[in-house]
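Letters A, B, C, D and E mark the chains in the order given here, with residues in each chain numbered from 1 onward.
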Amino acid sequence: MKSIMSRRRGLAAFLLLLIGYHFTPYFVTNLYHLHILNLAGIYTLVVLGLNILSGYTGQVSMGQAGFFAIGTYVSALLMMNWSIPFWSASAMATVMAGLFGAVIGIPAMKLSGPYLVLATVGFGEIVRLVLLNWTPVTKGAAGLVGIPLPTVLGFVVTTEKHFFYLILASLLVGVFIALRIADSKIGRTYRAVCEDELAAEAMGVNINRYKISAFIISAMFAGFAGSLFGSFSGVTSPDNFTFDESVGFLCMSVIGGNRSIVGAVIGAFGLTAVSEALRVIQGFRLVIYGSILVFTVIFMPKGIIGLFRWICGNFSVKEID
Amino acid sequence: MDDRNVILEVRDISKRFGGLRALDTVSVAIRRNSVHGIIGPNGAGKTTLFNLITGMLLPDSGQFEIEGKPIKKVRPHQLVSIGVSRTFQNIRLFKGMSVLENVMIGQHVHTPTAVFSIMINGRKSRSAENAAREEALAALGFVGMARNVDQNVDSLSYGNQRLVEFARALAAKPRILLLDEPAAGMNPTEKQHLLRLINSLQQKDYTVVLIEHDMKVVMNVCSTVSVLDHGKKLAEGRPEDIRRHPEVIRAYLGKSDRGHA
Amino acid sequence: MQFFLNGLPIGAIYSLVALGYSLIYAASGVLNWSQGDMVMLGAYVGFTVFFFLKLGFISALFLAIVVVALLGALVQYMILRPLREREAPPINVVIATLGVAIICRNLALGIWGPDPQILPSPVSSRPLSLAGVSVTPQDILVLSVGITLMLILHSFLKNTREGKALRAVAQDRYAAQLVGIDPERSDAVAFAASAGIGAAAGILIAPIFFVTFNMGASIGLKGFVAAVIGGLGTIPGAIAGGFFLGVVESLAGGLISSGYRDAITFSLLIVVLWLKPSGLFLRKNRQKV
Amino acid sequence: MSKSSWWERFTVLVLLLFIATGVGAADAAQVLRIGVVGPESGGGAQLGLGQRRAIQMAVEEINEGKLAGEWTLEVFFEDDEGNPTKSASATNKLIQQSGVKVIIGAIHSSCTLADMVVTSRAGIPQITAGSTGASITQQGNKFIFRTAANDFLQADALIKYARDEFGFKKVATFTAADDYGQSGAKLLREACGKYGVELVAEPTYNNGDKDFKPQLLTIKDRGAEVIFMWGLYTEAALIAQQAQQLGVNAQLCGASGMAALKLIELGGEAAQGLILTQTFLPDSDHPKVRAFVDNYRDKFNESPIPHAAQAYDTVFIIADAIRRAGSNDPRKLRDAISATEGLELVTGDPNFNDNGDDIGKRLLITQIKGDKFEMVKFIKAGE
Amino acid sequence: MLEICGIKAKYGHTEVLHSVTLRAETGRITTLIGGNGAGKTTTLNCIVNILKPYEGQILWKGQEITGLRSKDIVRLGISLIPEGRHVFPRMTVRENLEMGAYIRKDANGVQKDFEWILELFPVLKERLGQEAATLSGGEQQMLAIGRSLMGNPDLVLMDEPSMGLAPIVVEEVFSVVEQIMAMGKTVLLVEQNAALALNLAHEGYVIELGRIVLRGTGKELLRNPEVEKAYLGL
């Protein structure tokens, strides 16, 4: 079975890369660079979930910032108001985001294309507006200040370097789970639902259940990422969760390569790095950023991972995602 | 007809699309272990009948029974558990997926979805996955596509795509298999192969319902043939009777002179 | 009553923007996320014509429509046609139009600066009182020009060769090719018409809401909501959806809570989508231009 | 070295590269690097770009006039798009990459709060010239200073003035649903209580809203005689216009956030008579103000917004602090800033309290007449 | 005269035409018959370049038209009446007919053809103001033919005009096909109803799996036992 072999090879290469990445703090001593890597790591978690949702089941979401926000606020409020430890708060935030994912998944059963996009946009905006206006709980526009730092086995995570390892560990788990989902019966069924709902249904797939479950999974990824994000930033406010943020997540997923877990990682790191690198240009920075988006989707229709696959030709990177 | 021998009964089914009466009080009884052909000119309502049986359309009136049990408001995906699976007239494979993956989807209801086990790559999920793969490979082996498992379905010829779809429907382990023009796009060799497959299915305790244009196929494998025309059942009987049925000939040839053979 | 009337002018603007979405969606199946930024560019071009070329309001309106319409056609030919030729998935088209929006917005920021600009109203701003409710001449202007534009668009689609070709492409792209229509050209016409209508909307609201480089984001989103509520891809739906949204917003803001106004609007939208995905104002199946 | 693995060598190589590109380079003597964070694109771009221009101007003036003693100021700008995450990244970049020793910014309170996490960890003083959110200076963070106008004094002065001068009894507030607007709303509410006027309505709006008629109609129905706005000038101009259209006769008042000449331009006729508290008057005879406004107009061909004046002053505070500290050590710099006194600047005589708030700001009550603000009352600090 | 020489075409990765060669003589009816999925419609789509053949040549009146844009092919007088009719559903019957003349500039000629078509299909005359979607299947087929004739084509390609129609309507449609031919136009008719088509046609081709397997005059093919077995099979 050739595919299994090349898949193993691809996975091994990818894991080797991650292990290499593990040593990053030894040579990236610039805290700013480390900070950006950490941020990219958190974004990657969101994009992993989104990739499963929009890449595998074809349900495009432009409201992912809403789930991200729910994760951030729920875990932050639990830690601040009830002194719940980080990991429990994070777990509850993840579950809460998942619940909202289920709620949004219900209309998604009936909707597709632009209608679903708009429903998710609406969801993201509703979340942001509620955070902004529900002042007694969310502190409104001022946001939450002094979100506690996470504790891992009694060790308080404080510096960028500490966060680097916490985020890296989360990322490894996240990538592993995403790969497992993508590479299992669930991922296969998602792709089938995306390719042909009718045929999938005729083969006994309960498409509604699968569509909702994809929303739940993506929401949980975003929710967990949100809980990390809150503690990482120390403060949070509705300004973090605008429509533009959701658009950014979607761009990462598509630019990296929709329907590819490795692509999600590449997209999140790549786009975060590009948008920081463009700081060199002061004036028309975002004009160039927009142009990059346009050119990529025209000339790399399958994202960066598609380009890799094309270059690698026979070496089937496709198999590892 | 012996009732115990009827596995699928269609009773007085009607369906309209706008002004068009696609099916008009059609009744068909399918006997266990038979190969039942449904023929008729284009637009006669054959595919509509399949779509109604599989729950993809809801009938305006009438009902279905499988093994004497009425099936009402059953969602399409639940039909597989009841024991019905189908192929499509315009091949509906999952593009961008491999042959094996396509057929493994057919196994969907027969393997557990062990969510937790999947996430940790546990033994339960691995054994389920292996079982699904074995079943899918067996189905592919049966239709003679075992060599192409890793190929993308896009790259197959029409005939082979039909075979993959056939294997996918078989992998769902149905009691009743609905085949919508399985021979369309097949060359004579492939058709022969298909005929053998359908015949051997009959011996394996399957019931096959078959929509087909190719009379050679129909005449060779079907034990009973129902003829639809403009939403109505025109005739039903053994193939050799049907081909001489004057109504059927008229339906197929219109009022034009057929010429002489 | 006052709330209801207040909703009408802004409703007319939403209708115009929604028309743009629907026209493009019907013709080419593309959801153009840069529609709102065409509104912004229209307002800026109008502003520039008015202040730097010192031409009147009417010529500003006219020139803005022409310039932005050309830009719309350019977007179709430069960006969407290559995407279609490469058979790019719909999500790539979404990202491409979002990219266009980002480019437009920040180019405008670079060219016209961050400060809001004002385009003076050609009519007096003194309110008139009619039967206890006050309306401004500008509101009346917005409504009348808006409705006129809708009528012009309607007649363009009904009576001109290009307009009919556009409808034909929208209804059946394949058959349209068979009678000799170039669908890419029709798409360009749809983009141009949508951008032109958007530009007109921009000029109309410029005296009321000012001109800013990021005005396109919210108005674009609202126009999209209006188009979907009315039934995406239909002309009457877009118009009805726009007015409906304008009035609902005004009522929600006035009677329930202004802070949650948009949240209410979006919740309503999700409910509408859930109950009637084909839009509020149209029978099922009755789709497209 | 004989046993060093490849990645150790690689690490050294990368480190050398970073040093070569000046990342870890030691500061050249007598240069103080200042980092500025603010929104130069996105919603608050007018504030961010106003801040950039004023700071650029101040730095040039200081360097030319050797006003910072032996020190030369070097300034680095970063855009945060009004997004707290990007703001924190930008601050990180300024500190780690550009090696700045003091940060000016940000403008959105949410961004400033996010930046403070970074600056306090790094031990770098941060001065915000724009954020007024109450929580910023109430955290006991010793590295944050604020040169924005003091909102408490403004709210207090406005309510008192409205009561004493016009005898208004029924008032309404109409505030932005952001940090700035909501802290203003709270202060106004407290001031109303203090001066015994009745607050009949407290509607809010979201930034970027265009239609304020529903809220204005509510205010009209409740019979408010005066409306206190707390937000930015674009919205204020729209509110003024729509109030006029709806026939709302209440007196309009606002605070320094909206005090820009652009307000007069955008608001047109409807903005006439609007009463504002602000920290400087563009038409004032005060020599500092004159010089600032004239230079700014010469350079950028437009009038400065109050925020620009505050940012401009902030650079002078830093110049003064570095001259006194004689070292660009962030801690010494911090101490020097907190000891600022006796400077006469465009918006007042800066003087920081224990929280880091500038309590030396001038406060003027002005009214829009024609195309300018006219002073109607001067309130000295601490009054 | 239309000549197709060895065209090959793919949908995605699947080759559907393996080499199709046929010719349609001027002023005659040529028919192409074959089962579902044999490549009949694909051949027609290749002629008007909706699907681009990747090999082979198509000549019209001796001029190569392979790879020309669809709209230019239409201008050369080739018109396809598609399978499933594809009338513009939300346009009135009149508008549909007008769209047929999209490429024409001669207003007088268009008007004349318009009147002629209404004579040909009296039923359309009664429904000029009605939206095409409200027509019955047979009426829609008439409209599709009428729309095509409005372009004054020299070559009419018809794809399964009998599909889904009642026998009596089919008869009407086929009598129109004869009238079209009588006007000197060239007709290439694709049909699944082989007996009907072969009875009408001067010349017939049998296509199977993307290959032409038989050719002959209509009468010859009707009597051919191979055709008999495969397509009439009764």
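Simple rule for what comes next: a residue touches a chain if its C-beta (ideal position, glycine included) is under 8 Å from a C-beta of that chain, and two chains touch if they have at least 3 such contacts.
Given the structure is predicted, the values throughout are model-derived calculations rather than measurements.
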Mutual neighbours - chains that touch chain B and chain D alike: A
Centroid comparison with chain A (C-alpha atoms), farthest chain: E
CA centroid of chain C to CA centroid of chain E, Å: 41
Chain A-chain E separation of Cα centroids, rounded to whole Å: 52
CA centroid of chain D to CA centroid of chain E, Å: 74
Centroid spacing, where centroids are CA-atom means, of chain B and chain E in whole angstrom: 32
Touching two or more other chains - residue numbers and ranges from chain E: none
Sites on chain D at which at least two other chains make contact: 41-42, 177, 204, 206
Residues of chain C whose C-beta touches two or more other chains: 106, 259, 262
Which chain pairs touch, all of them: A-B, A-C, A-D, B-E, C-D, C-E
Residues of chain C defined as touching chain E within the complex: 161, 164-165, 167-168, 171-172, 174-182, 288-289
Chain A - residues contacting chain D, complex: 23, 26-33, 35-36, 39, 129, 132-133, 135, 140-143, 145-146, 233-240, 242, 244-245, 276, 279, 282, 285-286
Interfacial residue positions of chain D with respect to chain A in the complex: 7, 10-11, 14-15, 18, 23-24, 41-42, 77-79, 82-85, 88-90, 92-93, 95-97, 108-111, 113-114, 116-117, 122, 133-135, 139, 177-183, 204, 206
Touching residues (chain side chain C, partner chain D) in the complex: 2-3, 6, 10, 106, 109, 113-116, 118, 125, 127, 129, 134, 136, 205, 208-210, 212-214, 218, 249-250, 253-255, 258-259, 261-262
Interface residues, chain B side, partner chain E - complex: 19-20, 41-43, 89, 95, 152, 154-159, 161, 181, 184-187, 213-216, 218-219, 230, 243, 248-261
